Amino acid sequence: MNHLLELEGVSKRFGGVQAVDSVDFWADPGEIVGVIGPNGAGKTTLFNIVTGFYAPDAGKIHFDGHNLVGLKPNQITRVGVSRTFQAVRLFGAMTVLENAMVGQHTRTKAGVYGALLNTPRTVREEQKVHASAIDSLAFFGDRLTPRINSLASELAYADRRRLEIARAMATEPQLLLLDEPAAGMNPSEKEGLIELIGRLRDVKGYAIVLIEHDMPVIKGVSDRVVALDYGKKIADGTYDEVAANQQVIEAYLGKAGSEEQE
Amino acid sequence: MSEAILSLRHVSASYGPVRALEDISIDVNENEIVCLLGSNAAGKSTTLRTILGMTRASAGEIIFDGERIEHLTTPEIVSRGLTMVPENRRLFGKMSVRENLEIGANLRDDKKEIQEDIERVFLLFPRLKERIRQRAGTLSGGEQQMLAIGRALTARPKVLLLDEPSMGLAPILVEQVFETIEEINSQGTTIFVVEQNAHMALSIADRGYVLQTGSIVLSDTASNLLEHPQLSDAYLGEME
Amino acid sequence: MRNKTSLGKLVLLLVVFSLIVAACGSDSSDTTTAGGSDTTTAGGSGDASAVCDADPFGCVEVGSGEAITIGTLLVISGPNASLGQDSQNGVVMAADHLDGTFDGVNGELLGHPIAFNHQDDGCSAEGGQAGAQALAADPSTVGVIGTSCSSAALGVADTILSDKGIAIISPSNTGPALTTPEEHQPFYLRTAHNDKLQGAAVAKFAYNELGARTAATIHDGSPYADGLQAVFAETFVSLGGTITKQEAIQVQETDFTSVLTSIGADSPDVLYFPIFAAEGGLITQQARQTDGLADTNLIGSDGMLSADYVAAAGEAVEGVYLSGPDLSAFTGDQDFYEGEFKTAYQELWGGEPAAAFHAHSYDAANMLFDAIKAVAIDEGGTLYIPRTALKDALFATSGVQGITGTLNCNDLGDCQSTATIAVYQVVGGNYDTANPVYSEVASLDG
Amino acid sequence: MTAPAPAPTPTEQSSRRLRFERIPMRRIILIVLSLSIIYGVVAGSTATLRTGVFTAEDWQSLIINGLARGSVYALIAIGYTLVYGILFMINFAHGEVFMSGVYTAYFVAVAFAGNGFLNSNPLIAIAILLLVSMAVSVFVAVILERLAYRPLRGAPRLVPLITAIGASFFLQYTFRGLYGANVRAYPNIEILQGKWTIFGIQMLKTQAIVIVAAMLLWVLLYLFVARTKTGRSMRAVGEDREIASLMGINVDRTIVATFAIGGALAGAAGILYVFLFNQVIFTMGFLPGIKAFTAAVLGGIGSITGAALGGLLLGILEAVGPNLFLTGANVPSPNQLQPVIAFGILVLVLIFLPGGFVGASEEKRA
Amino acid sequence: MNPTAALKPGLIGGTVVIYLAAIGMVERFQDRNVITGVVGLGVVLILLTIAIAAYTAARKGRTPMPTGALVGLVAGGMVALITLGFEGLINAGVDVRGMFVSITPGLLETLEFGLNPALGAIVMALAGGTTGLVAGGLVGLKDEHLRSSIVFAVSMTLLISLGEPILRVTLGNLGIPTNWLYELGGLTIAGTIITLLAGFGLRWWLMGRKEKRQEIAAHMPEDTRRTWGRASLIAAILALIALPWVVGPFVSDVLGTVGLYVLLGLGLNIVVGYAGLLDLGYVAFFAVGAYAAAIFTSPASFLVTEEGETFAAAGFTNIWFAFPFVVIIAVVIGAMIGAPVLRLRGDYLAIVTLGFGEIIRTLVLSDWLAPFLGGAQGLTRIPAAPPESFDLRNPQHIYYVILAFCFVAAYISYRLADSRVGRAWAAMREDEDVAEAMGISVVRYKLLAFAMGAGVGSLGGVFFAAKIGSIFPNSFGLQVSINVLAVIILGGIGSIPGVIVGAAALVGLPELLREFGEFRLLIYGAILIAIMIFRPEGLLPNKRRQRELHEGAGSAPVELPEGASPA
């Protein structure tokens, strides 16, 4: 129980597919863990299990002393786990600022009465929400801040990815799960992303788990890399260890490829 | 390249505000196997979808068999002899194996020949024959991929497009699938395959293109590409 | 009745308009005054201004050549529209017949044309309110024929119009509450019979004439049907009979076999279902097919006294009893209703009457016309109709022959205070309004 | 844990709160609710049966009755289910499609009755009525698709639903304007009068014919959808529109075909309906439409078998339910509460079996 | 000009006219004078339809005037031919009215302009052609000022004629004589000409001043503009307060009904517009409010005994005391109904709520609960609320009460939209999964929306009961739910001013045209379809909602997920 997030023997089956097969997984405070694996390896399913979107068929999940199994996604967010989505899912009809403000939901309390009566507490809270949203956005330098009043759906693709991270940051998590944050970015944007993820850990102190196909990004940020294939964990270690792992190479390049390499 | 049966000339396409393809040109010659490689979200699937009219090209020409097809609807394009094995198979899960094969031949009326084609598919994939009455949704991953290929074959395409046929399959099955693709090609069907498993794809292909964030960055013969230093940079990252 | 489009004037107007536009401002207005007035003697007497000043609600002033505006407040939309449309037809026909013939053209009253302000009571309280407000707001409204549904009148239309001193005569409100001393509004009258009369008459008929000792009732959730069956049940029990079941159905339903099976379990002597044509027809058919009801007498009331019902029930209608006004008791021109009136109705509206209430509304409109004739004061072509006097004239209606019977309005506005209620039986696919199987002079006082 | 418990840390506090929130309150409420409803139904039913008010024949005829009206619901429900299966929209106006056909055929029936054709050649006459009714319903359904629904493909789901509600009123009042507001009685067809005894059970000829005809139509439809190319295209478009077009299927034409088939069945259902109830009025489509939709949901919307079973079940429940459940509980006018039973069942089914009886669970997580 | 190009719009126009005639609209509308003795509304309807067809076609054509004329000629000719056809059928002894009840002699007379059939047909074709010519001519008119002024003059004249029931009474109340303007429900000829000229002149003048005004507005300093804004707001409120006394009791009554629907619309707007839950059974809460209010106050209620006056002693026989309790009851019932069903998907929820609406209606109608709820006989004699001088049965009085509560509800809506709660709703509406991942308890917020909607809806019920004084089950049918839904959809889902516009258009206008009540639902249906197809965001859209409806591809995943999770 000394890890921040700890999964023990977690499994999930969909019809005929064993999407996640008895996976052990952990992340420590301030650690950046990269999760890699070919398409369909079960990476996103793992995220969905941790964040409560799927209930695991078997296994234990602990986070910061809480048992996460059986909690709803919103409760898991409240205890300090936040995530982004593989296909960016912003609130497209809201402004950039509003998206970030929604992130603050669990950290605030104002209800109907507060809104109606506009009590000093609500006013203060709204100011705090506003400030904290601005703060999250400011983390991305001048990428989002000048656009706080534009619609999320009007942003450039990479900025949408950034906004999704900012929105997740606004929930004030201890653990951030990023699902393919580099997808669709160009090389220089990826550079920026590597730098950003490092900064997130250093400045905010988050533990970060990221799924990524882009190996330079994985290499650039991960303290530790976990490889999945067919729902099983096939490797766990530093980037170099995992990259040298024969099973991983086969999973990635195909058997023929690895044979030719030999 | 006058003998190209399928060519894309300066094609661009977008999803909403995001530019997915930027001025790409590809030629596929008759009886060739051509592969398109690239990392996730590089625009590989978009290329296939654009060829088939499922995504509209915002610019450029697509020429199939001497005819421009970029303005046609999907059924019209299919009727001209072009079809695709989609990513993730996308079978009609509630239909039987036989029905899936029959629906592939939806545009044809020659009942006898359809039957012959179905038998030919069974020759290619004997496993499917055993499961002929089973619902496609209950097949295993490998069987589903076989069925998806079989479904495309019953349309008797001149050019067959395959979208990541290896995805989610065990390595042994991946090899089988690629062997089958070679066999189909040897029977006279032109193949254009999109794949992330670069080595596997290049091992059977004549030529290949490499796509990176919507643009073609490399194109060469398969053997040259296998040796090309930039391939691992662009596609495999720094894994090696 | 219908506005004719005057082509010449229309074209002229278009031409004039385009000329104006072309010339941008040059005006060439020609004002024509509407047709001349012919003076007819009005019944009222005395100095108009004096009478009008004396009347607490003043007078309606109908200028020379202007029309006398009659409001209607009947249900003309929604599922009950055929009921209100039928009544509205009756009113229009009364105006049509002012000149003695049904020719599709309104006759004149005291030398003035009749104009209608048709409002919809929606068969609901809110519809009655809105419609009554609209009529009350129009100072030219002389009187109102309406409402169709008791719920539109009770505490709503009757109050609003009475507060304005506008007489309202309902052709089809039968709810007893409207004419109780507690609820009655001073300007409210009705030519429909009070449920108290009809429900009780039917109960007496069933107990005394048919010899029934057990009875079941069905209502459809309308205050009309519910009220009738309640009065029936009360009277039937007081006569010594037993009510086996009081059931209810939903309107617009079509399958009533489960209700009928439930009722059939007791095999009552009589099934009384005072509802409307559509559901009534289905119940008639389905009752005939229900085991326990083979020998049960089926009785309906004036909501079903229509060709629609007979048609809707098909062959099963044979032998059904229907209560309603005793049209045979009409002492005037026997053939008027069956002959001239019904023929004209079909001619004008393209079909058989959908309900029985066109007759009541025809009578109501004539009552109003007579009262206007009696009190209006004609001064140089301008009519002055004092409102309170008009109401008093209406309440004074007595011994007048209408097609629904003799109209005698009592102090509480029941103009069928003593009515002859008849029960007809359907024989050979039709009921003969000339030959009721039972007739009783019922009085509210008795 | 023998040491005196220290003051709970914030983490423990929130943990305790989470433990409380982990209790599946909703499920508990639902279980309590369902148990009390089951108790009520069982208690009411036993009380009713104990009184012996109703004989076995009564129940028998009620059930036959339920089957007959259920058969009509089933045919209409198939129209909902087909459209839902392919477009994932509730065609709220389907009840009006049903009304339009049979109401129009009424005028043909009257003409036939007038010249005696109806009773001299009843089978031909009925066949013509059926054709007219089906043709008009198909026409209305196809026009509806073309003018009201097709422009909305790909719009958020509620948009076509609201359009359909609008179309429902529009059609209802169009036919009111055309044909009038009165109720109209279909002429009697002599050969349909009277009763038959089948397997020792007495039933009306019309009921027997309606049940058999509906079953026949259902089988025909089932075969059509399972065996024909159009049927296969319909299933394909319902499963995956994009891949269907990749198979060379013309999606638009397939959708039109689906509306047409739903319309044809509604038109046929209309004629069966007047066999049972022989009257038409412009509002007649609304209630059967709502009920057929309920039936489709009961059976699992999207499933043809489900629609048929749902229709029959709803019909029987309506016929038997009020008498069985409520009479014993001494509820006055139990049959007036039919909608409560019908919609109550709908609510319960959707709560406990969101996919209906036949369909697969639609909820993506428990 | 391509003559065949005029065929299609012409035939469409003709079909619409024939449709309008066949459903009886032309004939019923003809009973209403537009210009008395000259033209009735039915003929205006025909000509207007043809004009619209011609106008639309002419705008596309390169030669507007001939195109318009041709379109009009085709449409008019088609109408004429079909009219002749009907004449022929009738003369041949075919009972056309046996089927099409609206094809009456009167209708044919109108369609033939009262002439003999052949002559009438020619005139109809020519009238169509002329109308088309005029419409096409308008398109061709280069002078923007002139064209706009003509259109304005004609529309204003039509509106003034249609507004006769209100305007005549209102002007009468203000002591302005109207005899010169109106006659037998329509405009007089003189009135028509004056109105046309006035309209033309007004528009001409306004257009001339427009540029100048814009210039002034552009140079207005910020605080001056704010002052102006505030001043106009105050003016609007003052106008709202003065309104009932200007327009008289009838229009006040209509305004009260409109206000009631604004209230209901604001409540449903929270459920549908903010939380995105389609509720087709909203009438349930309206009924709960009305019945609860009636039970607490009516002497016919089982709670108020003849002599006991237990509740009277507690002050309950007064609607002012009852209404907070009513709202609490409705909120509780709303939560109870909502809790089990809120996890259902959109259209399933719609049907289930529709079912609940029907269940509630059936229960209030039932004999079973009649001892408590009055059954078919309803609950009557709901007492007037004190003070006596402010009788709520008076439309001019209840107007203020409803107005006040509309303000309260609008304030609630307004405050919520931009609060933490409103953001949670907006997030949930767009993407439930992501909202959940952001820590929003979707079930709780749906329930909150449902309960609040129930509360506002019940408030509507309370004042409905107070306004009418007696309530009957048939006032609480599905129709009410549909009406309220149509109101918020027409105005624009999620938009507060939209609700007001929607209620005015869908409730106010039909109240003023009650004589055409039979076509009300037809028009409702047509409006719902048209709005959904052409302007799904409504007339006065809420900005965010508008984006959601027009977004489509905007929030779609960029590349189809290549490694889609096995869901």
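Residue numbering begins at 1 within each chain, and the chains themselves are lettered A, B, C, D and E in the order written.
Keep this in mind: a contact is a pair of C-beta atoms (placed from the backbone, for glycine too) under 8 Å apart; a residue touches a chain by one contact, two chains touch by 3 or more.
Everything numeric here is computed off the predicted structure, so don't read it as measured data.
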Lowest number of touching-chain links that must be crossed from chain C to chain D: 1
Comparison of B-D and D-E by number of C-beta pairs in contact, larger one: D-E
Gap in Å, rounded to a whole number, between the CA centres of chain B and chain A: 33
CA centroid of chain A to CA centroid of chain C, Å: 74
Computed distance of Cα centres, chain E from chain B, in Å: 54
Residue list for chain A, restricted to those that touch at least two other chains: 17, 38-40, 53, 72, 78, 153, 157, 183-184
For chain B, residues that touch 2 or more chains besides their own: 16-18, 40-41, 164, 167, 196
Touching two or more other chains - residue numbers and ranges from chain D: 176, 180-181, 332-334, 336, 338-339
Of chain E, residues touching chain D in the complex: 19, 22-25, 98-102, 278, 280, 339-341, 343-348, 350-352, 354-356, 358-359, 361-363, 365-368, 370, 443, 482, 485-486, 489, 518-519, 521-522, 524-529, 532-533, 536, 548-549, 552, 567
Residue ranges of chain E in contact with chain A within the complex: 411-412, 415-416, 419-424, 426-427, 430-431, 433-442, 448, 452, 544-545, 547-548, 551, 554-555, 557-559, 561-563, 565-567
Chain B to chain D touching residues, read off their complex: 52, 54, 73-75, 78-79, 83-84, 86, 90, 92-95, 99, 102-104, 106-107, 151, 155
In the complex, chain E residues that touch chain C: 27, 30-33, 35, 37-40, 43, 97-98, 101, 104-106, 109-110, 113-115, 123, 130, 134, 146, 150, 165, 168-169, 172, 183-185, 188-190, 192-194, 196-197, 200-201, 248-251, 253-254, 257, 362, 365-367, 375-378, 380-381, 393, 395, 464, 467-475, 479, 511, 514-515, 517-518, 520-521
Residues of chain C defined as touching chain E within the complex: 1-7, 9-10, 13-14, 16-18, 20-21, 25, 27, 29-32, 34, 66-67, 76-78, 81, 104, 115, 117-120, 122-126, 129-131, 133-134, 136-139, 151, 154-156, 159, 177, 219, 221-223, 225-227, 246, 248, 250, 350-351
